[in-house]
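Pasting the structures here.
Two complexes come next, and they have one chain in common, chain A, joined by chain B in the first and chain C in the second.
Now for the complex of A and B:
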C-alpha cells in the first residue's frame, strides 16, 4: 500500500489497532478475569465459603452418585432430565438437580438444584442470585445488553484485527531482542512505546495463541462453509457426526425402569480405573429410551470436549462414547480450543495465563495511550486538538480507568444488595455498567492528567473497599482466610489490596508527571520523529 | 484565436476527471483496501476452506475440523497480502479471480452446474 512493506505494515498496525483497541481491552480484561471464573463465583457466593475441599474427592464420587440417584428417584421422579454435578478441585460442592417442567416460551427447562456440602452431605444455605465469574466469562465474548450472535461477530471482528495488529507489529519490530531490555522512564510517548513493546514481546506467544484460538472457539459461526459443503444436512450433520449420541435405543417407546446405577459405574471404572467423574446426566429417566451419560475430567490432556460414556438406562449397555484416540485433525482442533479455555491449567499455569492476560491489557492500553500522546506532542500549543484526538483520549480514560472501577462496583453490589432483592443478579450487572457509564461521562467532560489522577484515586479507594466490605458483611475476612488456608478467597482479597496500592502509587506518580510532561526538550521530540519511520 | 482546448469536451473530461479524482482520493483508496481485505479475504477463506474440506482424502469430520482450524491463518495471510501489495488493482483482481476459481471448482465437483 505504501512504498515499502515495512511502511505499509506500520500504517496497518496503527490503524487496525486503534479502531478496535477499546473493545479489545474489554475482551482481554474480562477474559483474564475468566481464568478465575470459579474463584469469582466462590467469592460471590458466601454460602460455599466454608465448604472444605474433600481429602478423598475422587474416592467419594461413587457413593455420591449412588446417593444422588436415590435422591433424584424420590424427588424428580417425573422429571425429563437429572443431573449430578460432582465437586471439582476449584468447585467444592455437590449438586443434585432435576429439570422442572418447561414453561411456555422457554427454550430449555430450568433445573431445580440442591447444593450439598460433600463432607457432611448436608444441604447448604440458600444461594444468593448472582452470575459470579460467569458474568465476566460471558462478557468476554457475548458482551451484554445485546444479541449474543451479533456480539460474537463483533468480538470476532475485533479479535481478527488484533491478530493482524500482532502480525504487523512483529514485522515492524526490528529490534525484538534489544527492546526486551529497554525501558526509558519519563520520556513522554517514548516511555509508552517501551511499555507497549515490553508487554507485547514478553508475552508474544501468548498473545498470538490466545487471539488465534479465541476465534477458533467460535469458528463454526465464522466459517460454517466447510461443514456445509461436506455434509448434505450442513452443520447439523457435522455436529451429529462429531458428538457421541445414542442411536441404538433412542427410538424405544414406553416406560422401563433403569438398571441400578452401580452396574453402569462398574463399567466406567473398568474402562477408566482412576476416572475423575465430573458429571452424570440422565435423559428421560425410567423410560425405555433413557440414557445415562457419564462425563469425566479430561485432566491435563489437550481436549476440550470432556471424555464421556453414554449408556442405555434400561439395559445398562454402553451405546456411545467419545474417541479414546483423537485423529490428528481432531487433536489439532481440540488442542486449539483447550489452549484458549485453559481448563487443563493447574494453579501455576493458570497464573501464567493470567499474567499473559495482564500483559495483553498493558499492551492494548499502552498502545492507545501512545497514539494519543504522540498526536498531543506533535500538536502545537496554539492549535486546538482535533475531535479525533479528544475522542481517543476520552475513550482511553473511560476504558482503562472505567473497567476496574466497574468491576469493583460489581463486587461491592454483590455484598451490599439484600439476598431477597428481585432480579438480584441483573442488578449487580447494572451496577457494573452504571459505574462504567459514569466514568465515561466524566471522561467526556475532561481528560487531562488531573482527571486521570482523580480516577486513579477513586479506583484505589474502590479496590480497598472490596475486601473491607467483604469483612464487614460476611463471617470471613482476609486474615481468617489466611488462617484457615482458604487460598482462593485470600488471593481474591489480596489482589484487590495489591491493586489498591498500585492505584495509589499511580495517583502519586501522576502528581509529579504533570510537571514533567510540560518540559519536552527539543532533542526528545527529535527522537520521536526519528522513531516514526 | 483558437478556442481554449478544453472548451469542446469540457463537460465530459471534467466528469471523468472528477470520478478519477474522487476514486483515487486517499479516503476512498483506504476504504477500497479495507473492503477487499475484510470482505474479499473472508470470501477467499470461505471458498478455499470449503473446497479444501471437500477434496481432502480423509474422513469428512476430520477434513472439516482441519479446514476450520487453519481458516484464520488463511484469512490473516490474505489480509496482510491485501495491504502489502502496492497496486490496489492487483489486489482486487487476484483475490476476486482466485475466489471465483475456488467457487467454480467446488461447483463442478459438487455438481451444482
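Now for the complex of A and C:
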C-alpha cells in the first residue's frame, strides 16, 4: 500500500479495476443486451414476427385459459405438468405446454409446447431451436461452459471489485463533478480519461445501483448463514418458507378429476378484479394432489416474485397464496431484485437502463485502454514492452472488439443454420464463442492500430450483414417492419445499421490517424503509434 | 407528457448547472458570469432538478427514482454533447428546452 490515502485509493482503483475489467465488460455487455431479451428472442424466432399484440389482451385471457385446459386435457392427459403461458406486451404469443416423460439422467422434464397466435388461435409455424435473448441473460451471471454456481461466485467477486472501483474512483477523480460536462478531444490519454470520467459520472447512480443490486440478487448464495442457522434443513427450508406451497392436499393419493377451471378463475377475479394473468400451471393433473397455480403480473410495484394463488385441482379450494403485504425484509429484497432486472420497467425506463449499461461498457473499456496507453507512453522507444502490457493490450482488443463481433456471429448463425440442425441452439452459441476465440487469437499475434482498424472494419461489415441476412432469409426486412409498425424488429435492425456506421467511422478515424502519423515525421510517427489503443 | 415534463426539467437543471460554470458560460456568451448570475443559475438548477425528482416519484411510484436517474444520465450526455461539440447551438437549445418545459407544463395543467 502507498503512503497516503489518495495514493492508496489510486492504487486500489487501478488494480481492482484492471484485474476484473474484461470480465466486467462481458457482464455489462451481456446484461445490457438482457434488458431486451424478449425482443432478441422475438427476432430469433421468425415464426412470431407477424404476430400482432392483442388490443384486448387482458379481456381475452379467461377464454384463452379455458381453451388451453381443453387442449391440454386432450393432448397431455397423462402428463405430470401443464403450463399455459399467456401473451404479454413484449411476448405476443400464447403457449400451451405439457411435460414429456423424463428421460434417464434428466433432472427436469422437457415441455412439449404448442405456440398459438392469440388473435386467430391458429397454431404458429414450428419454432426454431434457439436460446434467443436468454443466452445473453444467462451469460450475464452464469457465464458459459462452466458450473453455474462457480460462475456466480466469480461474477459476485467481480461485482464486489466493481463496487470498490466505483467508490475509489469517485475519491480519486477529484474533478469528476467539476469537469462533469467537459470532454477534451484529440488529447491522447487525457481524452480517454475524460471519456472514462464522463461515462462514469453520467450514470453513476445507475452503476452503483446495478452493481449493488446485482450482488443482492445472489445474496443467499453469498451469505447463507442466517438461513442455515434458523432452519433445520438450511436453505431448502428457508425457500420453502418464503415460497407459497400446497401443504394441505399434497399428500392426497389416487386419481380425482379436476374441477372446471372457471371455478378457479372466478375466485381469482373475485380477489383481483383486474388481474393480468401471466401464467397458469397445473401439477399432477387429474390426481387428488393436483394443484393449479395462477400467476399474475405485479404491475408497477417493485416486486420480483409474481403474485400467485394456488388451488387444489381436485376441490377448487385455495391452498396457498403470496402475501398481499410483504414483510419489510422481503419487500426490500424484492424491490432491490426488481430494480436490477428492470423486469417491469416501461419502454422509456428500459431504454434508460440500456443507456446506463452502455455508459458502463464505455467506462470499463476506456479504463482498460487508458491503463495500456499510459504505460505505452511511459515506455521508452528502445525498451521492449512488458508481458503485462502486451497481455492487457491483447485482452482489450479481444474483449472490446471481439464481443460485438461474436454477437453478430450469434445472430447470423441464427439465420443461416438450418432449422433441422441437431442441437441448433448450442451451435448458435458455439458460433458466438468461436468468433470470440478467433479475435482473441488475432490479438495474441498483434495488437496495434492496424489490428484495431481491421477489427473495426470486420465489425462494421458483420453489423451490416445482420439486417441484410435477415432480409434475405425471412419474409420481412427493415422497411417492411417500419411499414407494418413492428417496432421491436425495426429497432433491432436499425441498431445494427447504426453500429455498422459507427464501426465504419471508427475504421476511418483509425486510418486517418495512421496516415497523419506517416505524413509528419518518423519520430512523431513513432510517438503516435505508441499512443494508439 | 408527464415524463416529458420530468425530463425537460432535468435537462433544464443540468443546462443551468453547466452555465453556472465560468468556462461554459464564457464559451456560450463570450464573457464571464457575474456572481449574481451564477447564484441565480444554481438556484434555478436546484429547483428544477428537485421538481423533476418529485414529478418522477409522484407519477411512477417505485420506479420513479430509477426513471429520474435515467433522466439525469441522458441529460448529462446531451448537455456534454452541446457544450463540447455544438457550442454555437447552446442558446437555441436552451430556448427550446425552456419552451418544452412551459409547453409540457401547460398541457398537463390544462388537461
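Observations
The rule we apply is simple: the second predicted complex is superposed on the first by the 512 of 533 C-alpha atoms of A that agree within 3 Å, B and C clash if a C-alpha of one lies under 4 Å from a C-alpha of the other, contacts with A are read in each partner's own complex, and residues count from 1 in each chain.
Here is the rule we use: a contact is a pair of C-beta atoms (placed from the backbone, for glycine too) under 8 Å apart; a residue touches a chain by one contact, two chains touch by 3 or more.
For clarity, every value in this text was computed on a predicted model and none was experimentally measured.
Once both complexes are superposed on chain A, the partners chain B and chain C fit side by side without clashing.
In the overlay built on the shared chain, the residue A:71 is in contact with neither chain B nor chain C. With both structures placed on the common chain, the touch criterion links A:272 to neither chain B nor chain C.
Aligning the two complexes via chain A yields an angle of 90° at the C-alpha centre of chain A, spanning the centres of chain B and chain C, rounded to a multiple of 10. Of the two partner chains placed by the overlay, neither chain B nor chain C lies in contact with A:487.
In the superposed pair of complexes, A:220 makes contact with chain B only, with no contact to chain C. Using the contact criterion defined above for the overlaid structures, shared-chain residue A:127 touches neither chain B nor chain C, since it reaches no partner.
By the touch criterion defined above, A:153 lies against neither chain B nor chain C after alignment on the C-alpha atoms of chain A.
By the touch criterion stated above, A:205 is placed in contact with chain C alone, chain B being left untouched. Once the two complexes are laid over each other on the shared chain, residue contacts for A:433 go to neither chain B nor chain C.
Put simply, the nearest alpha carbons of chain B and chain C end up 18 Å apart when the two models share chain A. Chain A contributes residues 1-3, 5, 8-9, 11-12, 160, 163-164, 167-168, 212, 215-216, 219-220, 222-223, 225-231, 238, 241-242, 327-330, 332-333, 336 to its touches with chain B in the complex. Considering their complex, residues 3, 14, 17-18, 21, 23-24, 60-63, 66-67, 69-74, 76-77, 79-80, 83-84 of chain C touch chain A. If you check the complex, the residues on chain A that touch chain C are 178, 180-183, 185, 198, 201-203, 205-206, 209, 300-302, 335, 339, 342, 344-346, 348-349, 351-353, 355-356, 359. Chain B contributes residues 33, 45-47, 49-54, 58-69, 71-73, 75-76, 79-80, 83-86, 88, 106, 110 to its touches with chain A in the complex.
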